[in-house]
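Quick one: this structure, given as structure tokens, is what I'll be asking you about.
Lettered A, B, C and D in written order, each chain numbered from 1.
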Amino acid sequence: MTRARLETFADGVFAIAATLLIIDVAVPSSLEGPLGSALLHLWPQYFAYVVSFATIGIMWVNHHRVMQQLERVDEPFVFLNIGLLLCIAFVPFPTRVLAEFVRTDDGNAAAVLYGITLIVTSVFFGSVWLYAAYGGKLLHPDADPRMVSGITRSYAPGVPIYTAAMLVGLVSAEASALLYGLIAVFYMVSSATFGRAGE
Amino acid sequence: MTRARLETFADGVFAIAATLLIIDVAVPSSLEGPLGSALLHLWPQYFAYVVSFATIGIMWVNHHRVMQQLERVDEPFVFLNIGLLLCIAFVPFPTRVLAEFVRTDDGNAAAVLYGITLIVTSVFFGSVWLYAAYGGKLLHPDADPRMVSGITRSYAPGVPIYTAAMLVGLVSAEASALLYGLIAVFYMVSSATFGRAGE
Amino acid sequence: MTRARLETFADGVFAIAATLLIIDVAVPSSLEGPLGSALLHLWPQYFAYVVSFATIGIMWVNHHRVMQQLERVDEPFVFLNIGLLLCIAFVPFPTRVLAEFVRTDDGNAAAVLYGITLIVTSVFFGSVWLYAAYGGKLLHPDADPRMVSGITRSYAPGVPIYTAAMLVGLVSAEASALLYGLIAVFYMVSSATFGRAGE
Amino acid sequence: MTRARLETFADGVFAIAATLLIIDVAVPSSLEGPLGSALLHLWPQYFAYVVSFATIGIMWVNHHRVMQQLERVDEPFVFLNIGLLLCIAFVPFPTRVLAEFVRTDDGNAAAVLYGITLIVTSVFFGSVWLYAAYGGKLLHPDADPRMVSGITRSYAPGVPIYTAAMLVGLVSAEASALLYGLIAVFYMVSSATFGRAGE
């Protein structure tokens, strides 16, 4: 397996998972009242679409940053990546559930499902990186040690902050959804800063 | 992040967003009368499919033209691109709404939604280019200044003409839809001419 | 625009259009009788899936053969390709309609719709090639003249045979559907032979 | 046809088929009881999603291993690959049927359909490889004979074990589904070992 073909496959899954999110944004088939107000009331759908698209986009940027440090890939690394991509391709499902139920009495379960998905994804992301950097010894011989430890540090907060947002979901689905959005913004800002400092 | 991997991801989103449009072209499940006439009455669906596919195709050509001028990409540029791709992947939704409602009393809201989507997309497209050319200094050192100012000029009319077409949608959804189609034709012709002159 | 990026985008649309066909193969939601016999009665769905997937696959092979002869691409060629891809991405719709209606009284309209789609696609395919080879002068200087005239000849039968199969559809939808399948087989065999002789 | 473009198209179909699986994971539209328990009762959907995603992922790894041994591709090889990709793009359909019916009286038919799909896919996979290695003489002149015979051996168990799992489906759909999952795990482990030994 070459790095290039793994990247092609991964880029495909990232791009498709992100683009499929729009399938679930839909006007209710039994429309009551004018379309204009129905479109305005769809804001949880738009919000969920933007947060999940941005989250997948950030993960794609991170995946690229990992791949750039590698000299080669091996079979266990490829299968860890398939596990990671399995999680990312799963994201449209909790997104759809969150968008549909966030304003209902069932919102808590939806917010928790969304959180669990991102926690498992974070675990796989961490595993992919830890295996590449330490277990499988796949790094370029001349990979910058500060960059390597910087990436390792950048994975540390993933599980705790998604767990916190998920626990908030037990109390308030709306607050939890808002946190998922803020986490995406936080990652985007820190990633842009990281890129600036590290490249 | 390399230019090549950003292009792969972007090409994926453009291709998927355009191809997903066909999912929304459908014969009504409760068919009244013969299929032949039902298929003929689907013309707003066909029209919306063609206009949105062409619009996404033109944006893909423009995106390529921008990328060709760049020496490198940086993190803010990548995140601006994710925002742009988020808008392009959104296009199937207003397309579906416009096709379904253009001939109904709710057509105005559908036409306005379609217009707003393309206005926001144009704003992101302009931001991507202005950041690349002026803010982020990502251009090739030997980029042709006439090409650069030609691209800058070519983005100027986007927001005004989509705003005009959207405002027409407040009065007549059909006229607005027709304008979206004409704008696509106009862009296709001017892009072909631009390419001729600039390359 | 480079040949490589046009190929990436085209390959994406071909692959997505072919893979989306499976979305329309579905067990009726109100299942009467055992699942086993329902699955057997879905044979028009399977047949339509196989014929359309094979047809798109053959077109992808042909598209590659055209691209291989080119030294460069220009803007009008790119826009002709967007038109061609618009047709190919449209194929899932007539496939779905044909699979659903071929055994009903509305089968004729479905068979005609399928035929018209492939006729228009053939026209665009011919235009793409004729422009590349003769109008736009995009060929490699050292393109083999026998290969070039061989490709030109291979496009000649497309419109007549799809028109014939469509006209048969006015009388019998089943016979028409069978012809679409036979045409795919014929193209596959002649393409394999062509490849053998020409390479 | 170049090896590279066949890989791009194949990677696209693999990635899309795997990512489309999530469309079929859905909360019932008429929800009875709380969402939380409905999400828990969806476990056959999650299980089917994971098994099919992993199965497609493993096939993608195997496809890559085959392609790596080739010096060139020819037209019959390309058409065998289109047949293989047709099978892989079909996988979302039996996955959806299995997930929906595994716990019902119709589970047996669903398990058999899933098995037949994977048997036919295995036959195509074997044909692709046997043609490349022996019929079409497409291998690199310096391909490692032990690698070549290792790949040939690795295809031998495919049809028998999927046939066995399918036959179990005649008696118990759940047991059959469990076997499909175990086969995926077995392939993943043996593939990782194979890669270790062979590279």
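Definition applied: contacts are C-beta pairs under 8 Å (C-beta built on N, C-alpha and C of every residue); 3 or more make two chains touch, one makes a residue touch a chain.
Here the structure is a predicted model, which means the values were calculated and not measured.
J.: By label order, what chains touch chain A and chain D together?
T.: Output, common partners of chain A and chain D: nil, no chain qualifies.
J.: Same residues or different residues: which describes how chain C and chain D meet, taking over half shared numbers as same?
T.: The interface of chain C with chain D is built from mostly unshared positions.
J.: Greatest Cα-centroid separation from chain C: which chain?
T.: The most distant chain relative to chain C turns out to be A.
J.: Taking each chain's centre as its mean C-alpha position, how far apart are chain B and chain D in Å?
T.: 36
J.: I'd like the Å distance between the centres of chain B and chain C, where a centre is the mean of that chain's Cα atoms.
T.: 26
J.: Name the residues of chain A that each touch 2 or more other chains.
T.: Counting only residues that touch two or more other chains, chain A contributes 8, 12, 16, 20, 23.
J.: Can you name every chain pair that touches?
T.: Contact pairs between chains: A-B, A-D, B-C, C-D.
J.: Under the touch definition given earlier, write down the residues of chain D that touch chain C in their complex.
T.: Against chain C, chain D makes touches at 1, 5, 8-9, 12-13, 16-17, 20, 23, 74-76, 78-79, 82, 85-86, 89-90, 92-93, 96-97, 100-101, 104, 106, 108-110, 112-113.
J.: Write out the stretch or stretches of chain C touching chain D in their complex.
T.: 7-8, 11-12, 14-16, 18-23, 25-27, 31, 34-36, 39, 49-50, 53-54, 57-58, 60-61, 64-65, 188, 191-192, 194-196, 199
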